[in-house]
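Shared between the two complexes below is chain A, which has chain B as its partner in the first and chain C in the second.
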Partner chain A sequence: MSIEIKNISKSFGNTRALDNVNISLGDKKIYGLLGRNGAGKTTLLNIITNRIFADSGEVLLDGIPTRENDKALQKIYMMGEKDYYPLTMKIKDIFYWTKNFYPDFDIEYAKKLADIFELNINKNVKSLSTGYNSIFKVIIALSVNTPYVLLDEPVLGLDANHRDVFYKLLIEKYSNSPGTFVISTHLIEEVSNVIEDVIIIKNGTIIKNESREDLLSQGYTISGKASSVDSYVVDKNVIGIETIGGLKSAYILGSINKETIPADLEVTKLDLQKLFVQLTNA
Partner chain B sequence: MNIKATTKYQLREYKKSLGSYYLIVLLIVVLFTVLDRMWGSEGSGSYNGFEFATIIFLFICGLNSFKGTFLMMMQNGISRKSMFIGASITFLSVSMLMSVIDRVIAMVVDLITKAIGGLSYEGFYDLVYSHRMPKGILFELEGILVTCAMYAAAVTAGYFITTLYYRMNKALKVIVSVGVPVTIIFILPLIDSMFFNGIIGDLVLKLFYFIFGDFHGKANPYNMLLVCIISSIIALGLSWLLVKRAVDKN
Partner chain C sequence: MQINFDEERPIYIQISEGIEDAILSGAFPEESQIPSITEFSVTYRINPATALKGINILVDEGILYKKRGVGMFVAQGAAEKLISKRKEKFFGNYIINLVDEAKRLEISKDEIKNMIERGFEDEHRN
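== the complex of A and B ==
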């Protein structure tokens, strides 16, 4: 099972939101869809879920186009940043209707999660704070049991405790009944330990699409005295440098030869957030 | 296609409004009966017009039927096609249900009036088409059929307008909101009198007579039925053209 995104392009007026995007979302994986504001993440997710139409290209689920296809769309749930649920509807009623549209939605599990997050399901959407608005949608996403769950900014407005609970529940859910989760977020540091594959989108173009391990093993971080770092990186492919006082960290793409590293320099793994910042700043 | 769930959801949206509407109708009937008992019309008075209230109610329901449902369906993986089929089934079901209820109200109030006296109630169908045949099952069934078509025309017209406004940008909304009434009220009569010698006005009047008769006991309900069915089909057809390309504007 997979979602194939083929040659998708989309413009809004003169703005090119997506430019010939080609990616494949495989079965039972957690993807991180990373990009700066306005990079095209939400546009891509909206096209996958038939909420908006691409100017060209197509999205296939198991080889079948998802456009206006109920059978394909029923296999995907998207938790959006914006409200699509009626604002005056109570959360418990939203659970009821979600069960009608997604028969595998587990109401009991959703109620259990509501207890964990201390969400009052007798409240209506309008009365929820930004954090709880995200929480009720996260609860549905974790209980809906579709093969593909797309999460657009799932931790928007959540405090540190609730974010921690969410990541634990996501991993628990993934371990108990593996599915494909796509997390679109700005909080890269937090999700970096959860995601397996990384898709980085920049100005509507996919610039990286590979496993987190592969991505981070393509380079390394070297830190130490500024002068030592400067002389070490002379012939290296440096993607970024950070200086704090007399200390310097250089982010280098390429394989490492440990024998050539001076004793006063420290080697660590590439940091996903740092790599992301460097890649998307360039 | 997930038509069952989407129809169920869209019918649910009418449940509360319908309950409130008929509660008000019931209160009006009771109020009129009480007032009549207090000040007594001695059987000479009558009241009517619930069908027109229902038409306005359904038109407004149609106007409120798109955006919220569309977003909910998009959230729940329902295609525009299924949503539209669900909406069409809902409109037909609600029109049929309300035409039956309105006929039943007319019959019940008529029976009560006959039993205890007082103000009589005449439904739209009784007023315009009672010359056709004596009251009986066939008359009532014909009444239900014609009012159902009228209601369907009202709700689908509302739905078409709301989908049209959803698809338009702000500038177009202003142009249509101002342009259409100005054209109908001022420009069209002016063009008609200046260039067509009143032919357009005559055609409109002929259509009016075709639907309602000439008020001399010659009205044919099947003309009304035909016009309402054609109007509903056109409104739904145009709505579908707008719905199938509708996108999330969130």
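== the complex of A and C ==
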């Protein structure tokens, strides 16, 4: 069971939005699709769900191309920024409407989540604030029970409390009925502990695709007196430098050999957010 | 059981240390059932695979054991095992750092000894 994205490229005018993307999504994992604004995250998700077409390459679901394939697309639910619902329809009616497309959609569970988020399901979509519009879509995504759920910026406009509730519900859902979830976001810190695999996209190209732990174990920060740092990093793969006064911190990719680190330098772990910033800086 | 995660170490290690602390404090007595993977991951908002990895470290060490279809339990003799494991690490984890910092601050051996005495006497520390 997997979604295979093969050699996908897409341009908008002169802009190359995706450049020969190859990834595989499956194994009932929670993936983080991370990239800066405009990196190509949403374009990739839109291509997977057939909302737009790639210029070249193909997307396979369990070996079968998804293009013009409604049966395959019923297995993938995407929550995105755009509203694909009739804006004047009441939320509770949209729940019933959604069930027509996705037979495993759990209306009772969706109502329960609406209670938790204090979303009035008698309102129509048009009347919702940005935050509640996200909440409404998150509720559907968590209740839809498709094998693949793609969440594009799920916490857009949510306050800290609601974001926390969302992560809790997501983990609960995933634990009780494991499926493949892809969370696309530029808010790295919050999602860091929730995801198992990290896919980093930069200017339409996948630059990292591995488990969060493997990725984090490849990087570290070394800091201390600028001159000592300079001589330590000579033969290292430095992805970023910060200087304050005579002190310097260098972000390094590569495994640490503790024996070779001079006593006057301090080593710390690189967190996902820092690593991401350094890897995706222009 | 409360874990204050730090940024320095992998989360799964902090989960296993949190469970160790709970066993040592008596919060998870021997032969008692510990929370499930789901409870750990939901409570701390972490991926279940991370929680599982942390718990498996303790299963491999014989601190926890699995009862099929029931859950994870604290093994007989777990606290004793943990105490000796941590004693072994005590020198590396605490004494080395203490001596290093004392040297930087030019604190003498005798001064440290006095401070240790004070530390043991002061019961209102926490």
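Heads up, the rule we're going with is that the second predicted complex is superposed on the first by the 259 of 282 C-alpha atoms of A that agree within 3 Å, B and C clash if a C-alpha of one lies under 4 Å from a C-alpha of the other, contacts with A are read in each partner's own complex, and residues count from 1 in each chain.
Keep in mind that, in the parts below, contacts are C-beta pairs under 8 Å (C-beta built on N, C-alpha and C of every residue); 3 or more make two chains touch, one makes a residue touch a chain.
Owing to the predicted nature of the structure, the values given are computational and were not obtained by experimental measurement.
Trainee: So, on chain A, is it clash or fit between chain B and chain C?
Mentor: Aligned through their shared chain, the two binders fit side by side on chain A.
Trainee: Per the contact definition in the header, classify A:Asp164: touching chain B only (first), chain C only (second), both, or neither.
Mentor: second
Trainee: Using the superposition described at the top, determine whether chain B or chain C touches more residues of chain A.
Mentor: B
Trainee: Please indicate which partner A:Asn50 is in contact with in the superposed arrangement: first for chain B, second for chain C, both, or neither.
Mentor: After superposing on A, A:Asn50 lies in contact with chain B but is clear of chain C.
Trainee: Based on the superposed arrangement, let me know which partner A:Val194 touches: chain B (first), chain C (second), both, or neither?
Mentor: A:Val194 contacts chain C only, not chain B.
Trainee: After lining up the shared chain so the two structures overlap, which partner does A:Thr268 touch, if you call chain B first and chain C second: first, second, both or neither?
Mentor: Second partner only, chain C.
Trainee: Have a look at where A:Gln74 lands relative to chain B and chain C in the superposition and call it first, second, both or neither.
Mentor: first
Trainee: In the combined three-chain superposition, what is the angle centred on chain A between chain B and chain C, taking C-alpha centres, to the nearest 10 degrees?
Mentor: Reported to the nearest 10, the angle reads 150 degrees.
Trainee: Which holds for A:Thr280: it touches chain B only (first), chain C only (second), both, or neither?
Mentor: A:Thr280 sits against neither chain B nor chain C.
Trainee: Of all C-alpha distances between chain B and chain C after superposition, which is the least, in Å?
Mentor: So the smallest C-alpha to C-alpha spacing between these two chains is 28 Å.
Trainee: Which of the residues in chain A come into contact with chain B in the complex?
Mentor: Residue list for chain A touching chain B: 46, 49-53, 68-70, 73-78, 80, 82-86, 97-98, 100-102.
Trainee: In their complex, what parts of chain C are in touch with chain A?
Mentor: Touch residues, chain C against chain A: 7-12, 37-38, 41-42, 44-50.
Trainee: Applying the document's contact rule, which stretches of chain A touch chain C when the two form their complex?
Mentor: Those in contact with chain C are residues 29-30, 164, 167-168, 171-172, 174-176, 193-196, 213, 216-217, 268-269, 271.
Trainee: What part of chain B is in contact with chain A in the complex they form?
Mentor: Residues in contact with chain A: 1-2, 5, 8-9, 68, 71-72, 74-82, 244-245, 247-248, 250.
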